[in-house]
Amino acid sequence: MLFLDHIYLIPLLPAFGAAMMFFFGRRVQKATVSAVCVGVVVLAFIMACGAVLQYTTWADANHHQPYQKILYTWLGTETGHFNFLTKDGSQAVFQADAGFLLDPLSSIWLLFVTGVGMLIHIYSIGYMGHEGGYYRFFGYLNLFMFAMLTLVLANNYVLMFVGWEGVGLCSYLLIGFYFHRKSASDAANKAFIVNRIGDAGFILGMFFIAWYFGSLRYTNVIAAARSGHFQIGDPIITAATLLLFVGACGKSAQLPLYVWLPDAMEGPTPVSALIHAATMVTAGVYMVARSNALFLLAPTSMKTVAIVGALTAIFAASIGLVQNDIKRVLAYSTVSQLGYMFLALGVGAFAAGVFHVFTHSFFKALLFLGAGAVIHSMSGEQDMRNMGDLAHRIPITYRTMLVATLAIAGIPPFAGFFSKDEILWQAWTREGTAYHILWFIGYATALMTAFYMFRLIYLTFFGKPRMSHEVEHHIHECPHSMAVPLLILAVCSLSAGWLSWPPSLGGSARFEKFLDPVFAPEAQVLQEEGKAAQLAAGEREAEHTSPSEYLLMFLSVAAAGVGWFMARRSYENADKGFTEPIQAISPPVYNTLLNKYYVDEAYDYAFTGRRKIGDVRLGVMGLGEASSWFDANVVDGAVNAAGWITRLTATISKWWDTWIIDGVGVNGPAILARMLSYPARLFEWGLVQWYALVMTAGLVGFVFYYVYH
Amino acid sequence: MQAHILSVILFTPLVGAILLLFVPKENKDAIRWIGNIFGLAGFLVSLPLVPAFWALVKSGDTTPFKFVEGTANNWIPSIGAGYVLGIDGISFLLVMLTTLLGWVSILSSWTAIENRVKEYYIWFLVLQTGMLGVFMALDFFLFFVFWEAMLVPMYLLIGIWGGPRKLYAAIKFFLYTLAGSVLMLLGILFLYFHHHGVTGVYTFSIPELYKTAPQIYSDYGPYAATLLFLSFFFAFAIKVPMFPFHTWLPDAHVEAPTAGSVILAGVLLKMGTYGFIRFSLPFFPDVLMHTRVRFWVMTLSVIAIIYGALVSLMQKDMKKLVAYSSVSHLGFCTLGIFALSPLGLGGSVLQQINHGISTGALFLIVGILYERRHTREIAEYGGISNVMPVYATITMIMFLSSMGLPLLNGFVGEFSILQGTFMEKEIAGHPGWFWAAWAVPGVVLAAAYLLWLYQRVFFGTVTNPKNEKLHDLTPREVATFVPLIIMAFWIGLYPKPFFQILEQPVNNLVATVHHETAKPDVTVNAAAQPAELVAPAAVVPIANSSMSAKSAPMLKKGNH
Amino acid sequence: MGPGFTSVDYMMALPVTLLALFALGVLLIDLMLPDEMKWFNAITAFIGVLFSAYAAVRFDLFLRSRDWPYAFGFMYTMLVDHFALYFFYLFLAGTAIAILMSVSYLETEHENHGEYYALMLLSVAGMMCMAAGFDVVLIFIGLELMAISTYVLVGFLRRDRRSNEAALKYLLLGAFSSGIFAYGLSLLYGLTGSTNLYQIGGHLPQILQSGPYKPVAIIALVTTLTGLLFKIAAIPFHQWAPDAYEGAPTSITGFMSVAVKAAGWAMLLRILGFSYNFNGHILFWGLLPMRSIYIPLLVFVAVATMTGANFAALTQTNTKRLLAYSSIAHVGYMLLGLIAGTATDFNPDGIKGILIYLLVYTFMNLGAFGVITSLRHRNIVGDELDDLNGLYSRAPVEAVLMLVFMLSLAGIPPLAGFWGKYFIFLSLIESGHYVLAALGVLYSVFGLYYYLKIANAMFMRQPEKGEEHLPVSYAMRAALAVTGFATLFIGIMPNRFIELAGWALNLAQNPSMAKLVQ
Amino acid sequence: MDAMLHISTLHYLVLGAALFLLGVIGVLTRRNVVIVLMSIELILNAVNLNLVALSRYWQGMPARLGGGAQALHGQVFAIFVITDAAAEAAVGLGILIAFFRNKETVNVDEVNLLKW
């Protein structure tokens, strides 16, 4: 059990690498940097594989319990003096371990995170070879690996949140890697702050869970949730799950918080591949899948997830149709694919969702790395309108990317086909027209996906060369350090789908079976509990095959074909100034899509307040300005009054002015006091008899006081 | 040593100050060395406290105050004031924070202070003693003396070595804070006489007053008790500062020299929160549990969180920005305090420590740029990370800890506070989560203003030619950050010891508060037989006449 | 009351007598001194003060040896009890310091005449009569003796118009007020048939019962009160003070602001009366029976005084004048103490507060004036606020001391000034005057503002007149050292002095105090 | 005898009061310092009148009320007041002369260097 017992080393190894870079990075050679950073990730990958293997054997022995390894109590104390009352009034202990948990779900993530991560590290050696801040880049990457692995391996929500924020930080750092570019740092801030909004939701969600279940450890929470004495649709659980989902929306770029992801492409391409395609953005999916027990208790949340997912899918896909920046196309496709995954989760097809994450990680990483290779060979050019006819110039890149495209478009037998088809099928089999609509949205999306992906292929690799000559001159195939990962990923994108060869095609969905300990129990537990039972039961139903399933399969393949065909027709031999079909049909639609439905602008007006409507600034910055004005003029009205009175009196008379200004600390009360001070002093105007008069007046006053008392 | 360790810690800086008096003021380097040596010494002598205290915590010793020194009324017997020192977990942490920050900020001002060096170090060391005294005093009178005496050196630090509007800021700081604390003096005197009325003994000993003060609510009725509570509240709220009382803070911070700001933010503000914890809670539990009062204090805290963050978002001056961020962070602390749950309270104390570390560091950071360029205008900078990479890195770490990133200190405190608040079943007629939900946006905004600041100052290319020649941190400057960074990571990664130190005092506190309020019969008894209340006082004309609520109005006329 | 005086009578009069003798001695010696030897007068006067102090101590010991709390003399004209002795010590301390302050000052003013010290000693003799007088006649004589000598002292700088004017104003108003005072005393005599305070106090109650005499009694009260409040410079009878303080020689300003004021307070306390509580049964005299009548007045006067003085001081640019107003403000606080002290049957804390206040005030205020005096030399007048600018760089020690005095005046712990205020507010809370207490503390914050103006000038502004270092005479250094040390020491170790004040009020015999001292 | 109008203590007191008021008015209104001083003397004389008259009155009273033959406090007091008045006048004039040397005036209104 070597690996399993030291599972905590998996995240700690990259952390070590990052620390090395932090302390010594500046002083050592690039070679050393790559050795250390890539080395630790390779180690991590090996350990991951070992750990998962050992887990499978261990799990069989311990009837598929998740394996836990608790290092120490991180928050709170074991003595448990920091108690709080749960909703039902029982004492609960505030506690969060630094503890790690391995079960099928986390092992899947563990594998592809370390695996893809490793490949991308290797790829980066070549890609970043000529960049400045080499050590910085790898330090960040390692840090990211640490955070992501913590997120995946955590055994409680708080520790997951650690990773959750950690990956957010790393994406911030890596997006802003070219910090001298304003656009880059803007994008970085946007990413972090939008994620923070999600995290706020996450925190509150956690609190609700703790308040309700008295613990944040998965095992306890899930056990409690499955214990069955929470009825379905419980408002608190609904609230909790919805809030968690807000977090997921932030991290996994769902509507309405997706806006950061496209901008995140400001980062170096390997980063886009690793963080913004393969791993980090799937954290939201992981979290929802992890809390499936809770979500199943909250149908409302499930519906929300499904709807948001579907909408995001089609929304992003539609934008992707017309983008010209090769990375942006991929970015929107990522958002759209994430939408798919949430759709899957939302309809209760957790396994399918996870499976799509798994396959997607390979082909999307591949696509990005390929795009990176293209950009690399095009000496930094990202606009597809200035590419074309690269197929035979950079064959490896072309072939691998083609594989990935076929995969994402859902052409059998490539990976994407299986996962996507599973999702659509699951969506279809839910009863209720709502789900049929969702299915249709997904279906339309599939078509769009095929279209824009092949558009990308054709614009990039076919048609007439549209690049300038010196660029054309420099075009070259990428170095091996980049090529090898591409090839490996290509293999995976081809074959990853076979893990879950659908029964209907004579396979035995091994992937899902593997995940059963995590997802299946609901099926039995909730079988008898009406609606939600069907949510869960879907995966079981799927086993006996029905003709409609074949029909759907055919339809989706057909859609992919149609998309391919349309793209081919429009772009096969695109020359300079080629026409966009959509533009030809209706320019306004085209412009709307090109400008991403003007969402960013709308946000800037409404929420951030970076843009003004006329002279008024709304949003947070608007509030900020308002409150700082308030602070300066109302709360500290003292100062204001001071200035005002000073000005006023200055006009009254110079004499007065000198007295007002004189001395120190012109402060509101002080000023008023000063105003009163002069009468008090003028009272004393130097004449003895006046003094005597005052005395006498006082005397007489005293007497009168008694006369009238 | 063990017996007088607190006195030693308390007076080491003062000894340094007195020593400095005899150094000729031309000899600046000698002065700097002595100042720094005593700054460090002040920290070192406080270190033995750590294992000693830890041992006590481990041994599960239940005495509320440890290392108690001096006996009640031994200082001014004729009025019942004593030189009594003692610490519990809460004050222990704050004392350590003070000694640490004191050392750091003295170290940080080596080059920052060029003129009148001698006075500077003298006043600074005096200030150090004053602050430590506030946290150690177990006698209300001693507390008050330190509380006020400490204003003077701070006032001079701001006023002499401050920025352009230093006179204004200094006076404002002094008057503002003093105005609060004089009313507190009256409150203290009231407690003093009430204690005498009940027990027939005149004393300012805090543990003694704990026993009687809560009865005021039943003896004098809610109205009087609330007024009394307010007399303390203003003193502390101004110090914290809570929302409407915060306007002295930006001025003081902006004008103060760097080290001054560090101490101001790191320690002085904590005195307010410490006052709430040490006095307001155990003295006036019923008032605090009263819905309307609780509602207001909670609301003010929430407002402070959001409002402070919003204001700092729009600041053009780095130091002002950090200053307002303190308002926001301290809002979290007060929120945790008034949530009156062990978790919230513990988190609040922890957050105070964190704020001391992070914001202290932030002020150092601003100070370093200011020292090089003599401006704090954000617009003046940009692309600094090109010229000062180490500085940029350290800054990033501290920003992250300040915005509460997990595995750094800020998160632990904020998380505990929020959860502690959230879990309360009912706070002022609203469920706890209602308040927590209002506070959470503060976390988002924190990220917003800090990252935006970071972007504007560090990212981009160097546009301003003046910034091209900036040299990166000197070893000394790095040295000032090292302890803070270490603490930040320690609290972030392994906060358990801190929780263990806090759990006992915090739980006692909450227990007393809820216990006091949980027994209505007390109120009934006292109301039923006020005679019995003032019985011991009957011997004493004074007490007799002034201590029973009914005869008090009669005194106004003065003839009978 | 048979005639024939015993040795006790003379023994208790000895301090006064000695002072008078030494005053004459100074005058005589002065005639023989050449101009450059004039400083010797100061020494003579100082010795005189020491002798008088010795006499006082001796009588104090005598009382102890007999275990008498007090002793009457000269047919109940003079009452020397701890209260009187306390004030004796206070006057003498103040005078001694003032003498030290004067030496170099008179040199620079070229007014170094023996009369100066002689008049000082005589006025102290008058003060002692006021403090120890138990018969209005004696009190009145003491008052006049003090007043007349002070008039002259105020106008001692013959060539300085401001000094003349101050003296003239002070004289006219002082004479006017003492006229009114005397008129009141005459009416009191008429009402009670005696000039002895105890008998006056004894007769007043039934007079107040009988209708027709009450108005007369009230007029008597009011006129007397006018005289008393004039001497302590309470609004609206304060207006002589700022002018006299500003015009007078700075050393005399200091002297007046502590000794003369203390004497005024001694007289006021004696006449308005406070009660002893000898093992239970309460002993009172003077106008105390009219307490219920004058308390409202005092409330009014106290509030008016604090308000007016604080506001007026706020924008002062002349340091002496500023301190004049500040001392008026302090009178306001002390009056609060008197209110608290006489409001209830027996609440010594208020009076005690006043005594402590006067004690610490003697040191801190004299110190402040000492610093200002030390600024006076050839080219600087030194009493404008701007003259203090950058004082720190010119005379760090004086500056720091001044800071201490200012903060002490503002009542910042742990400085002596705090204790005065402390007991005042203590007694107010104790006697349930919460509003007055709140008012008082807020005004004390208010006061801090103008004290800080001085601190700011000294520490945070740049000197206009170069960096030249100030020469300070040894006598002045001694004076500053004593005052500064006292201010700090009383602040940090007040216990002894609090007990001293208690002793002055015979609080040892007092059950309530017995509790307090534990 | 009885035709002769009997003068009681009250009359003296009234006269005293009148004098007192005259003095006060004088102090308040006259511009010449010397006359102001004289008005103050007037006040003191009012006091003396009171004292003497009242002393007579008390001598007429029975001893148990503190009266009787040797109830002379008033008259003693009066003598002291007279001396005091003399002293005050002397010093006053002295100061006035000093003042006059510098300012060449005895007009109260011009004694206004110190103010505010």
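A, B, C and D are the chain letters, set down in written order, and residue numbers restart from 1 in every chain.
The definition used in the following text is that contacts are C-beta pairs under 8 Å (C-beta built on N, C-alpha and C of every residue); 3 or more make two chains touch, one makes a residue touch a chain.
Everything numeric in this text was worked out from a predicted model, so none of it was measured.
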Nearest-to-centre chain - CA centroid comparison: B
Chain centre separation in whole Å, for chain B relative to chain A (CA means): 38
Approximate Å spacing (C-alpha centroids) for the pair chain C, chain D: 27
Rounded Å distance, chain A centre to chain C centre (Cα mean): 77
For chain A paired with chain D, centre-to-centre distance based on mean C-alpha positions, whole Å: 98
Sites on chain A at which at least two other chains make contact: 664-665, 681, 684, 686, 688, 692
Per-residue overlap in chain D, given as positions that touch at least 2 other chains: 24, 27, 36, 108, 111, 113-116
Chain C residues counted as touching two or more neighbouring chains: 168-169, 172, 176, 180, 242-243, 449, 452, 456
All pairs of touching chains, each written as two labels joined by a dash: A-B, A-C, A-D, B-C, C-D
List of chain B residues in touch with chain A within their complex: 167-168, 170-172, 175, 244, 246-247, 307, 310-311, 313-315, 341-343, 346, 383, 385-386, 389, 393, 400, 405-407, 411-412, 415-416, 418-420, 422-423, 425, 433, 436-437, 440-441, 443-445, 447-448, 451-452, 455, 458-461, 493-496, 499-500, 503-504, 506-507
Chain A to chain C touching residues, read off their complex: 659, 662-665, 670, 673-674, 676-681, 683-684, 686, 688, 690-692, 694-695, 697-699, 702-703, 705-706
Contact footprint of chain C on chain D as seen in their complex: 13, 16, 20, 23-24, 27, 33, 36-37, 40, 43-44, 46-47, 50-51, 54-55, 57-58, 61, 65-67, 71, 73-74, 76-77, 80-81, 84, 87-88, 91-92, 94-96, 98-99, 101-103, 108, 111, 113-116
List of chain D residues in touch with chain A within their complex: 24, 27-29, 36, 108-109, 111-116
Parts of chain C lying in touch with chain A, wherever the complex brings them together: 168-169, 172-173, 176-177, 180, 215, 218-219, 222-223, 225-226, 230, 236-237, 239-240, 242-243, 293, 296-297, 307-309, 311-317, 446, 449, 452-453, 456
